[in-house]
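Order of writing sets the chain letters: A, B, C and D. Residues in each chain are counted from 1.
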Amino acid sequence: MKKIAIFTSGGDAPGMNACVRAVVRSAIYYGLEVYGIRHGYDGMIRGEISQMQSYSVSNIIQKGGTILKSARSKEFMTKEGRAKAYDQLQKYGIEGLVAIGGNGTFTGASIFYEEYGIPAVGAPGTIDNDLYGTDYTIGYDTAVNTALDAIDKIRDTADSHDRIFFIEVMGRDSGYIAIQSGIGGGAELVMVPETFTPIGEVIKTLEEGWSRSKSSFIIIVAEGESGGATEVGTTVKKHFPDADIRITNLGHIQRGGSPTAFDRILASRLGVGAVEGLINGQQGVMVGIINNKLTYTPFRDCISLSKPISDELVRIVEILSI
Amino acid sequence: MKKIAIFTSGGDAPGMNACVRAVVRSAIYYGLEVYGIRHGYDGMIRGEISQMQSYSVSNIIQKGGTILKSARSKEFMTKEGRAKAYDQLQKYGIEGLVAIGGNGTFTGASIFYEEYGIPAVGAPGTIDNDLYGTDYTIGYDTAVNTALDAIDKIRDTADSHDRIFFIEVMGRDSGYIAIQSGIGGGAELVMVPETFTPIGEVIKTLEEGWSRSKSSFIIIVAEGESGGATEVGTTVKKHFPDADIRITNLGHIQRGGSPTAFDRILASRLGVGAVEGLINGQQGVMVGIINNKLTYTPFRDCISLSKPISDELVRIVEILSI
Amino acid sequence: MKKIAIFTSGGDAPGMNACVRAVVRSAIYYGLEVYGIRHGYDGMIRGEISQMQSYSVSNIIQKGGTILKSARSKEFMTKEGRAKAYDQLQKYGIEGLVAIGGNGTFTGASIFYEEYGIPAVGAPGTIDNDLYGTDYTIGYDTAVNTALDAIDKIRDTADSHDRIFFIEVMGRDSGYIAIQSGIGGGAELVMVPETFTPIGEVIKTLEEGWSRSKSSFIIIVAEGESGGATEVGTTVKKHFPDADIRITNLGHIQRGGSPTAFDRILASRLGVGAVEGLINGQQGVMVGIINNKLTYTPFRDCISLSKPISDELVRIVEILSI
Amino acid sequence: MKKIAIFTSGGDAPGMNACVRAVVRSAIYYGLEVYGIRHGYDGMIRGEISQMQSYSVSNIIQKGGTILKSARSKEFMTKEGRAKAYDQLQKYGIEGLVAIGGNGTFTGASIFYEEYGIPAVGAPGTIDNDLYGTDYTIGYDTAVNTALDAIDKIRDTADSHDRIFFIEVMGRDSGYIAIQSGIGGGAELVMVPETFTPIGEVIKTLEEGWSRSKSSFIIIVAEGESGGATEVGTTVKKHFPDADIRITNLGHIQRGGSPTAFDRILASRLGVGAVEGLINGQQGVMVGIINNKLTYTPFRDCISLSKPISDELVRIVEILSI
């Protein structure tokens, strides 16, 4: 293998740049030429490809977003689109791919690998931490800290006014961000899609809290749970019309920001691991870290299997919210 | 004057604790006894009053919210309520009040002063910076920096995906937070209630930007302007159905957080100024800082007059967004 | 077991409060009475002991330092001191201890347990991450992020002025903080006590960098390595008298600050684990997390065995600094 | 005037990039061509000059340091050096200069203007806030907030261990950073060069504090005062050998970091003001903001006159540290 290419795809996540940097520098370290593809699969089709040097990735480790930009590509979902993409890669002589992204990204890479045999190693880049085959995804730790920072700020106001806050955090169908930011933020209740929380339990939490003279509450709602914070908060409001209830959605701030140390190091390890994987003949796999060791999991498993939420953490929320 | 009391009222703002600390310590410094009233006017009526010492305010200067808590009081709007409040103050021998809050707070203090003659000095505590009689209100600088930090994060995502973001910031009828966070965040457009921005101008901004190869946009919308970000964003979306438009509301994080240096120092100066004002015979006034000098403005002016937004800043947005 | 006590000892670390909170609340959850001992072993001797309730630990999860305070105790190193401490515990009927701290703390707890048979479970609280028996210690992730934030700031100046910075980070005899903040900060070289770095290698790094047109450098030096940043920087300065070399020691900021999400969750898990350990008959052990699972390691192993630094991380520094 | 150039010189300060951006965009807005000179006067001599466009300054408003880089130039202090610089400017047809920096920068610009008649407007960029002719300099607010953040962290440790901390902050001969970060950080004492503080007063502060049961202390020492924190701390240590005294120097972190909202807006206003000044015939002046209004002060006054520290702030430290 002499030439590889790197791209980012799907929703951006803090630490993607640190991973791009690690891929570029480790490729050069191992004597490969490395190309950057802009705008994900769309750019691959359109030939937005250029060689990268060590200095191309100077001073980006601390930056949120992705310097290679990301895009969703409808065209790559068609056979014609993928044929064009293959032609572009051939033009540059690219023999291997590193794809940073999530499920959609790996589905594309998997089909492309089956059709054209270009080896690809994926690196898990998504704030949702919902990927099988790795304990942590790039961007997750930063997103949790961003959510936590917001929760800390909102608690100031909740305490000062004896208010009940329903705070919605990201995570699509996964409760990872919710459970960790909830524990970290000292939330009174965390509602995640993995374990259904009936409205009755929310009401019980509030009533029990009031009986213990608790006057302010933080309730974290994962976006995929029961219609999110708006629906849950509105229902509870009907039950306690006199309570001072506020609903807030943390929104897109959770995707941005300078990555934490954890994410920069994770991204660096995965980037080096992806390149070393390609060199060692890995293909059609995602590099991940399980129990602190680099591992390679076939794309098909990453895509089809789901990562359960930690029972221990669910239990800890219950114990610590008393 | 021997005994004074301090309370916070209305929406909480970062730096209120720094101001409470300054009032307590300067009162003691000048030989006064000082009492804290919890839960604003409501607590005054219910007698939630206790003496404070120098150590009562240790280690609070960096805390968001207000340790004295805040509440809105319907009862204080009635003659009976104010009579009860007066009785409570009499019980403790309180001869002067420092009220930290905004317009509603000062209206209450003003009526109370007219009815019972208890001298009151107000300190401007609101993130909105919408008070006549001071260049800056306590909490404003922190709120702007919180909004700015969020905008910086969102720009990561906007850039990575070539997106248009409509971001709503707080400020009620005032565009102060919007204009400053917009300039600081390098926004392409800032929409404030003080100067109506027709939708046509938003459309022109986008079209001109695209013609100059700009691919991502940040548009800041003050909550009081044209229905906020949701309405503006939705209208624009109808005009450009293919554009990747996102709408986000920064929400309650803008009220919390550890105050900035600016707010801590402002709050400290105003707290000392409020106590010195009471000692020097000020009554029925708000202490403020205009052109870097302490000033005292009658409550009636603070309540009835409005503070215009800076023409210079409006012009700077236009110049720098090219 | 009916009554247990909790204390913090040794150098403080961010997340200690989150751990105290978890111990108090999980003890109450499991029906135990829980007491807080202030000022570590010193306070145990002097009887600074009082019962804690669920609300005693409200709103502390986000605070740096330790609300129970910490102190080094010479008296506890004597037989007489420990006898006094035992008498105090007897007075309150305390049957189990949770000790948050590092090596010194556990040595004390171990001797005390052997002499008086009071079961103790330790929780690893130190920013240095140098304890055998756990992958991470409480405070480490926060310290790394604080160091990283400082390195990011210093790189602004290094880049603007084409300077070489030697930055000293904490860690005593351990290079953990150095290696992680070095990778995260994109340092050109990281010098850790675990692997001796001859000055010749520093010189080579600079010369090779200059030959590749690199004009600014960040070199991280662990405090335990070759006399620290001052000695290394001064020696290099003699070699390159015209280079613009600056030396800075990050110092005590690394011990403080609001804990990161990672540290709050780690501390919460370890606090719950410590109490559950005591209830289940653990004694003379430290609770830790290895490969994401709670484990209990005898104090004697924690004290006598050392935790090696990761070879993978050492290699990654070399690869990514090209 | 058709063509102007912009450069940064002297120590870098957060917000310089925001000022560069404002100069470039406002110049283009007013129909001028604008050139960037890299590495200050040194780059002017060597001809490191290139035209800038609106997009050249995209996405830099939030960055610390200066994209134009800074350097000290010995050669520009010679007649020959300045002659070369003039020739370079002639080559590009540059008719006006904007110089961002401090005293040294303006001295150079002033001499150059006298010798060659090229109009120059200076913008005050230094964290020290020690320039006559403006209430605030670019970078000062950020530096104060960085120092404050560090002080907040150190107080965690000081409180947990009942320690006395002597913290040195930057400011050269000026106590501005010290006084503001001291008030904001709730310091027990602030030692600034403008008002000599005898060691006896430090000792009195500690003894009085202890008599009021205060157990931890933060004492801020400006770098220009009495030999800095090291000398003051060491002397006090001799007086109280049993006290747990720590000395720390915040160092270079104070120069870096993303600028605060205040600094970004200040820098934007001054950048626009500098260009409008040049257009309106200003020459040999520094643009500043006094009482919230743009002003132009002759270089000679900025260089020769000194800005006194605020008496009000000195008094506030005394009142609030009780």
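The definition used in the following text is that a residue touches a chain if its C-beta (ideal position, glycine included) is under 8 Å from a C-beta of that chain, and two chains touch if they have at least 3 such contacts.
All figures in this text were calculated on a predicted structure; none of them were measured in a lab.
Asker: Going chain by chain, each one touching the next, work out the least steps from chain B to chain C.
Answerer: Shortest path length, in steps: 2.
Asker: What is the distance in Å between the mean C-alpha positions of chain C and chain D?
Answerer: Their C-alpha centroids are separated by 35 Å.
Asker: In angstrom, rounded to a whole number, how far apart do the mean CA points of chain A and chain C lie?
Answerer: 28
Asker: Averaging over Cα atoms per chain, report the distance between chain A and chain D in Å.
Answerer: Computed value for the inter-centroid distance: 39 Å.
Asker: What positions in chain B touch 2 or more of the other chains?
Answerer: Where chain B meets two or more other chains at a single residue, that happens at 152, 155, 159.
Asker: Considering only which chains touch which, how would you classify the arrangement: line, ring, star, complete or other?
Answerer: ring
Asker: For this entry, which pairs of chains touch?
Answerer: Listed in label order, the chain pairs in contact are A-B, A-C, B-D, C-D.
Asker: In the complex, go through chain B and note every residue touching chain D.
Answerer: 21-22, 25-26, 28-29, 54-55, 59, 61-62, 135, 141, 144-145, 148, 152, 155, 159, 180-181, 183-186, 212-213, 258, 260-262, 264-265, 268-269, 272, 291-292, 294, 312-313, 316, 319-320, 322
Asker: Quick one: which bits of chain C touch chain D in the complex? Just the residue numbers, please.
Answerer: Result: residues 8, 12, 14, 63-66, 69-71, 146, 150, 152-157, 159-162, 165, 246, 248-253, 255-257 of chain C touch chain D.
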